[in-house]
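A single structure is presented below for examination.
Each chain carries a letter (A, B, C and D) given by its place in the written order, and its residues are counted from 1.
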Amino acid sequence: MKLKDIQNQKDNRKIEINKAGVKSIRYPIVVLDRKNREQHTVATINMYVGLPHHFKGTHMSRFIEVLNKHRKGISTRNISEILVKMKEKLNSESAHIEIEFPFFIEKETPVSKSKSLMEYRCHMWGSHDEKSDLVVGVEVPVTTLCPCSREISNYGAHNQRSIVKVKVRFKKFFWIEDLIKLVEKSASSEIYPLLKRPDEKFVTEMAYDNPVFVEDVVRNIAQQLDKDSNITWYTVESENQESIHNHSAYAYIKKKG
Amino acid sequence: MKLKDIQNQKDNRKIEINKAGVKSIRYPIVVLDRKNREQHTVATINMYVGLPHHFKGTHMSRFIEVLNKHRKGISTRNISEILVKMKEKLNSESAHIEIEFPFFIEKETPVSKSKSLMEYRCHMWGSHDEKSDLVVGVEVPVTTLCPCSREISNYGAHNQRSIVKVKVRFKKFFWIEDLIKLVEKSASSEIYPLLKRPDEKFVTEMAYDNPVFVEDVVRNIAQQLDKDSNITWYTVESENQESIHNHSAYAYIKKKG
Amino acid sequence: MKLKDIQNQKDNRKIEINKAGVKSIRYPIVVLDRKNREQHTVATINMYVGLPHHFKGTHMSRFIEVLNKHRKGISTRNISEILVKMKEKLNSESAHIEIEFPFFIEKETPVSKSKSLMEYRCHMWGSHDEKSDLVVGVEVPVTTLCPCSREISNYGAHNQRSIVKVKVRFKKFFWIEDLIKLVEKSASSEIYPLLKRPDEKFVTEMAYDNPVFVEDVVRNIAQQLDKDSNITWYTVESENQESIHNHSAYAYIKKKG
Amino acid sequence: MKLKDIQNQKDNRKIEINKAGVKSIRYPIVVLDRKNREQHTVATINMYVGLPHHFKGTHMSRFIEVLNKHRKGISTRNISEILVKMKEKLNSESAHIEIEFPFFIEKETPVSKSKSLMEYRCHMWGSHDEKSDLVVGVEVPVTTLCPCSREISNYGAHNQRSIVKVKVRFKKFFWIEDLIKLVEKSASSEIYPLLKRPDEKFVTEMAYDNPVFVEDVVRNIAQQLDKDSNITWYTVESENQESIHNHSAYAYIKKKG
């Protein structure tokens, strides 16, 4: 028995759909890792294609078939290839993929040289449309210590965990490990999953010696990215989970052009 | 004793900040309600201003002062006034406000005429920059029943809860109640917090009689919005929480221009 | 036409169900407020009854009918009455209700006497079973400053936002405002939505003067609750969102008996 | 220079702390997989010890040291060993560990035999106290189709995604793959990440042929678990994300004793 292909039927509303596909797929993938060559992780993935006005629906199962083929090696190097496959399989002029995953880097503490694994959230947004596009993002937790609080108080200064998000467009391959390091150097102090007492002393004093407003964090990062000729576009945002409020302080810079 | 104003100090990095302010403030507000004149709700609010390159920081406490003044009557009618106050108080050329809140409408079921309150998430995004801008959004849960599943199966058809999000720009004031109704009419069936058995029969058959793909939902809505001369721009997206998968089917339309 | 009542049919598996009902209902409710008599808020509610082994199903719509009747005045004073109505309407020997809602208290800052509204999450868990039970909970954000970091560092000390959760059983009515105040006094400093510079100096120094481990916070609170003869049972937990890590420090005390 | 050990100081409040430690650590771990021997995943982990009344604080960094040692092979077989290490390292009489992780199983569709990877959330809760305890949990998404809706409607029946959570205590090692399969067989139909049209027809009709209330799902599972002599205790709960409501239908059974 041949089952009718409803999705393939004509649609008469003359409305093109920008993105049709599958959202919030959870899938195990393997990504590039500078130190260990590859890293196993679990991604949350969205895959869409453009749907011309004359087609009624998309064949959703084909997205998972493409994902199955490529899941064992996903990187900025082959996102474009995956998008081409999506366009072929789904018979579309445009394709979009969004991949988010936790990425772990082994960190060594500054004094005791203790090692542990620190999580960073990473993103890739790829598109093949009239033109092709790729944006890479990282989320980096850091410490920020308030310059105002330090200045006006006789002792102490409020500080907190801040989540910095950076998105970039770029010319040639780079390691996300380097982008993460750049962000960590722009805050009051970087943070660690494991700190022994001498390390705790070090990061406490380091933060006090480097007070930054949320505005400073994003400016410090923007300044570094402006200097890097490989980065053609960026946004930088920081959300400081204020220890003296129950809301966040926030700053955002978007590179022009 | 005069405390030093660190935020007001000069900054030499020559980097302008697009948005600096407070994020994820939770605040009780009062909004407009067509039937009951006003409705008490609890909002999540972001407030930002642009920060010129020569200033070091923003005075975060002033945002809350503005909010305190206006919280008892927030609507699309006075967002612009709030933005002007933010620019004045923060001494900035641009201001942005983002407000999200649950909004309740009393619904009556189709057969038993039972009444209950249904929650919709609403958003307002206002900006005063070189130009002023206001976008209103609603999130509407509905039922969708799959046309393919209905066609190919001897009986039954998979259906699910879908979350439809619509954002619009517009010429003159409109009631969000009307935008919500438009969305509910575009799905297989609207949904209710309370259904008696005759109502359940009604919505079950209604959904089976009106099968829609995720692509159909967004097209139906786009078609209606295209006809409404008050709507100058929109995006429509639907996320169908598929009963036969553990991920969502998704479609998105953005009006050109 | 009479529609068949499937839920009312016999079940032969001989398995009693502890809780059957509706979960994650969002509903606007009115709660008690010491200063303003009442407060409008938006709750997330679960309502269950026990289902004897011989019944196939529960009549879910009846829960919402009970909720409709009582939503305009919910407090620890009438939870019991609501539970009795649930048992009657659903024809059951046991009933359970869980209500969670944001609650706002106007706070005045310590120096500038500025006013703003601060959110606390509140809970009520009520049960009518063989015996009746009522637990009230509050979630209170505070500042904690690390005694170890202060002691070992030449200057500064890491500090962070902490979320303290307290649940209590009690003899007679009390105001949650008092329980919240007790928690705030047990941390390094309480926090505020709005702080002017003199206030920021005050809370920074206050926190430095009152360093507490996560273990100290829960012990301080337990000690106070032990002294209160109205409190018959409690749990206290604190989750410190460490500014030097990307995970939380945690402590939990449960009163024996 | 010797840094003072504040945590080791005496505490005079005479209040024992049930659990003190680290919460929400994200860490890459390797778990057992029946088909592939092992599976890489990313866990969220809590680790606590009991703190006697005379100690001021816990040494939080030691938890991560224990985790580092064991992360490459975590299973129900060695949780006890990890707990013993925690007690030793932290010098405590009691230890608790909570591990949650996504687990993927390759599924084959019923008709087209297409393969894809399906995610299940798994949990382990281990305790060494006066006695030792281990609870294993799985979260399994399934389809449920409403018997009432099917019975009273002339055609169709509302159905939805349901999340079933089962926790068990047990005598000897078992594969979570088997517990997951047991849950999937107790619903209207199991679900798949990828379905071709003949598969979609199959699961649609399968669900219509096997209507279950939320109460039926938990009873079906309880009945199976009661028959399994390896299972000494369980809780079963199902949350049906109703397609006709914006809240869930819920049922919960806890084995006595």
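A few comments on the model shown:
Keep in mind that, in the parts below, a contact is a pair of C-beta atoms (placed from the backbone, for glycine too) under 8 Å apart; a residue touches a chain by one contact, two chains touch by 3 or more.
This one's a predicted model, so the numbers in the text were calculated from it and none came from an experiment.
The chains in contact with chain C and with chain D alike are A, B. Both copies, chain B and chain C, contribute mostly matching positions to the interface they share, with over half of the numbers common to the two.
Separating the CA-averaged centres of chain A and chain B is a span of 25 Å. As a whole-number value, the distance joining the C-alpha centres of chain B and chain C reads 28 Å. Taking each chain's centre as the average of its CA atoms, chain A and chain C sit 34 Å apart.
The residues of chain C that reach two or more other chains are 3, 25-26, 119, 148, 152, 193, 195, 197, 201, 246-247, listed in rising order. Those residues of chain D that touch chain A in the complex are listed here as 3, 5, 25-28, 39-42, 61, 64-65, 68, 102, 104, 114-117, 119, 193-198, 201. On the chain D side of its complex with chain C, the touching residues are 3-4, 6-7, 11, 13, 15-26, 46, 48, 51, 56-58, 60, 147-148, 151-152, 213-216, 218-220, 222-223, 239, 245-254.
By the touch rule above, chain B contacts chain D in their complex via residues 118-119, 141, 143, 145, 148-149, 152-161, 189, 191-193, 195, 197, 200-201, 203-205, 207-208, 241-247.
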